[in-house]
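For reference, chains read A, B, C and D in written order, and residue numbers begin at 1 within each chain.
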Amino acid sequence: MAAEGRLQRELTWGDCDPAGIIYYPTYYRWMDAATWALVASAGYTAARMRAEQCTMPLVNAACDFLSSATFGDPCEVRSHVSRWGRSSFTVTHEILMVAEARVLARGVESRVWCRYEHGPGSPLRSEPIPQEIRAALGAPSV
Amino acid sequence: MAAEGRLQRELTWGDCDPAGIIYYPTYYRWMDAATWALVASAGYTAARMRAEQCTMPLVNAACDFLSSATFGDPCEVRSHVSRWGRSSFTVTHEILMVAEARVLARGVESRVWCRYEHGPGSPLRSEPIPQEIRAALGAPSV
Amino acid sequence: MAAEGRLQRELTWGDCDPAGIIYYPTYYRWMDAATWALVASAGYTAARMRAEQCTMPLVNAACDFLSSATFGDPCEVRSHVSRWGRSSFTVTHEILMVAEARVLARGVESRVWCRYEHGPGSPLRSEPIPQEIRAALGAPSV
Amino acid sequence: MAAEGRLQRELTWGDCDPAGIIYYPTYYRWMDAATWALVASAGYTAARMRAEQCTMPLVNAACDFLSSATFGDPCEVRSHVSRWGRSSFTVTHEILMVAEARVLARGVESRVWCRYEHGPGSPLRSEPIPQEIRAALGAPSV
């Protein structure tokens, strides 16, 4: 079964727009942070990603906005890998206010597992997603 | 024909991530700004939107990332309304580096034209997109 | 004694710049969030601030940057009111990595307690800081 | 005489907060961009900074907020180097709405000219500010 990541976020003053609700790119900031946290939970922490010169650029991202969070609202991002390729993978995120069982947004990110040839800024080449991550996050056996 | 908006953006240091390239939510920040600019070009400036208590919340946004901008790159967002409903509309954006004819990203935003019942923070109700905007941006006659 | 607020922040990918360290305006985002959290802890939550149409605009902010946080670092913002005027107050923040007893930054924000005349966007007038806040946060008796 | 840089910014929807005015860390984003632009105007473009592995971390930043910009306002950041050390320098910024001769904010940034030992993420060592920059930006002769 797919392992689920959970990331807590309380909507700050600066995450909101003049309508008093969440400025929509904030959802993408949260989804990005949630994916890095999910990968960290599978053993690839920020420090290890840096040391092994790995990164995971985006191919596509999309989000449906169902209900608006307001300044101060406690939110949760629930994330799991919903599609496993050899190098590419898709993370599906649900952002909700748990206490009220209210779903705010549902999004997806498609990414590619990559390594820098010579550190940040140098060209990237795709690599197979590490077996350790597949196992930790419940990829189906091949 | 659909009127096209053009918004210039030079990629700043703070718009980038540790990979040295654009942090992807930045594209959504730009698309949001481009849509507000497009609507302003059709007569609904920020000041008028505020005075008439209009806004245009998102229903959905999506983006394909084709090529990465690097710190300092001059970018352009080209935007037009690609679908006209009664209250809802879709804006299609192409983000490119003009000098190199390089497309960085292609995105869409689906929005609803709304009015606050009693100012920012109060409930929203959808309204028909103003005729002035439809005419200025080249909506097909009904 | 002054009550101290503590806000946890893990440095995200998007909070960093191409040097791989914190993009410095992020510290101000954190200080802003820390001040709102401090005031919330004294009874003036986001919802109450909104209901009573209170806000607290900045007069000045400053920060010394002592050491850089890197992507993934767990940080803490410790905040207290260091100066109490009738309407104005100064919040002093220390941002640190607790486990290593490493101070990253020290900042101050000077703000004024205000009320909107007719809701967000309308003119502001300063008001005395509520007694409830002074008591909760340890203002000296007058 | 000190050369002055000028950077244009129109306040976007996402740069504002629920009060409908500029979210204050936005001023620091602008000052940071203005300093990079000033240095670029003196020959050290983003591409050259990257190629020569130079950067200019902050030691301190401060800002007085005098008047609030509102969504849609056209702003200008005027910047010059107000103090020259061997490696350190201070940039003074004035942010204003030119048409109305209204000053929004006045800020300073103190920075150190540095080079990475082995590229982004590696340790930094300070270096003398290049003579080319001093000359272009009007540093007094020594």
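What we mean here is this: a residue touches a chain if its C-beta (ideal position, glycine included) is under 8 Å from a C-beta of that chain, and two chains touch if they have at least 3 such contacts.
Just so we're clear, the structure is a prediction, and the values are computed from it rather than from any experiment.
**Student:** Measuring between Cα centroids, what's the chain most distant from subunit C?
**Tutor:** B
**Student:** Of the pairs B-C and B-D, which shows more C-beta pairs in contact?
**Tutor:** B-D
**Student:** Averaging only over C-alpha atoms, locate the centres of subunit B and subunit D and give their separation in whole Å.
**Tutor:** Result: the chain centres lie 28 Å from each other.
**Student:** When the centre of a chain is set as the mean of its C-alpha atoms, what distance in Å lies between subunit C and subunit D?
**Tutor:** So the centroids are 24 Å from each other.
**Student:** How big is the gap, in whole Å, between where the Cα atoms of subunit B centre and where those of subunit C centre?
**Tutor:** A distance of 32 Å separates the two centres.
**Student:** Residues of subunit A that contact two or more other chains, please.
**Tutor:** 13-14, 18-20, 23, 25, 29, 32, 50, 70-71, 120-121
**Student:** Name the shape of the chain contact graph, picking from line, ring, star, complete and other.
**Tutor:** Graph shape, chains as nodes and touching pairs as edges: complete.
**Student:** Can you tell me which positions in subunit C touch subunit D when the two form their complex?
**Tutor:** 18-21, 23-26, 28-29, 32, 50, 55, 57-65, 68, 70, 116, 120-121
**Student:** Residues of subunit B touching subunit D in their complex?
**Tutor:** Its residues touching subunit D are 12-14, 18, 20, 29, 32-33, 36, 40, 45-47, 50, 70-72, 120-121.
**Student:** Enumerate the contact residues on subunit C facing subunit B in the complex.
**Tutor:** Contact set of subunit C toward subunit B: 13-14, 16-20, 23, 25, 50, 71, 119-121.
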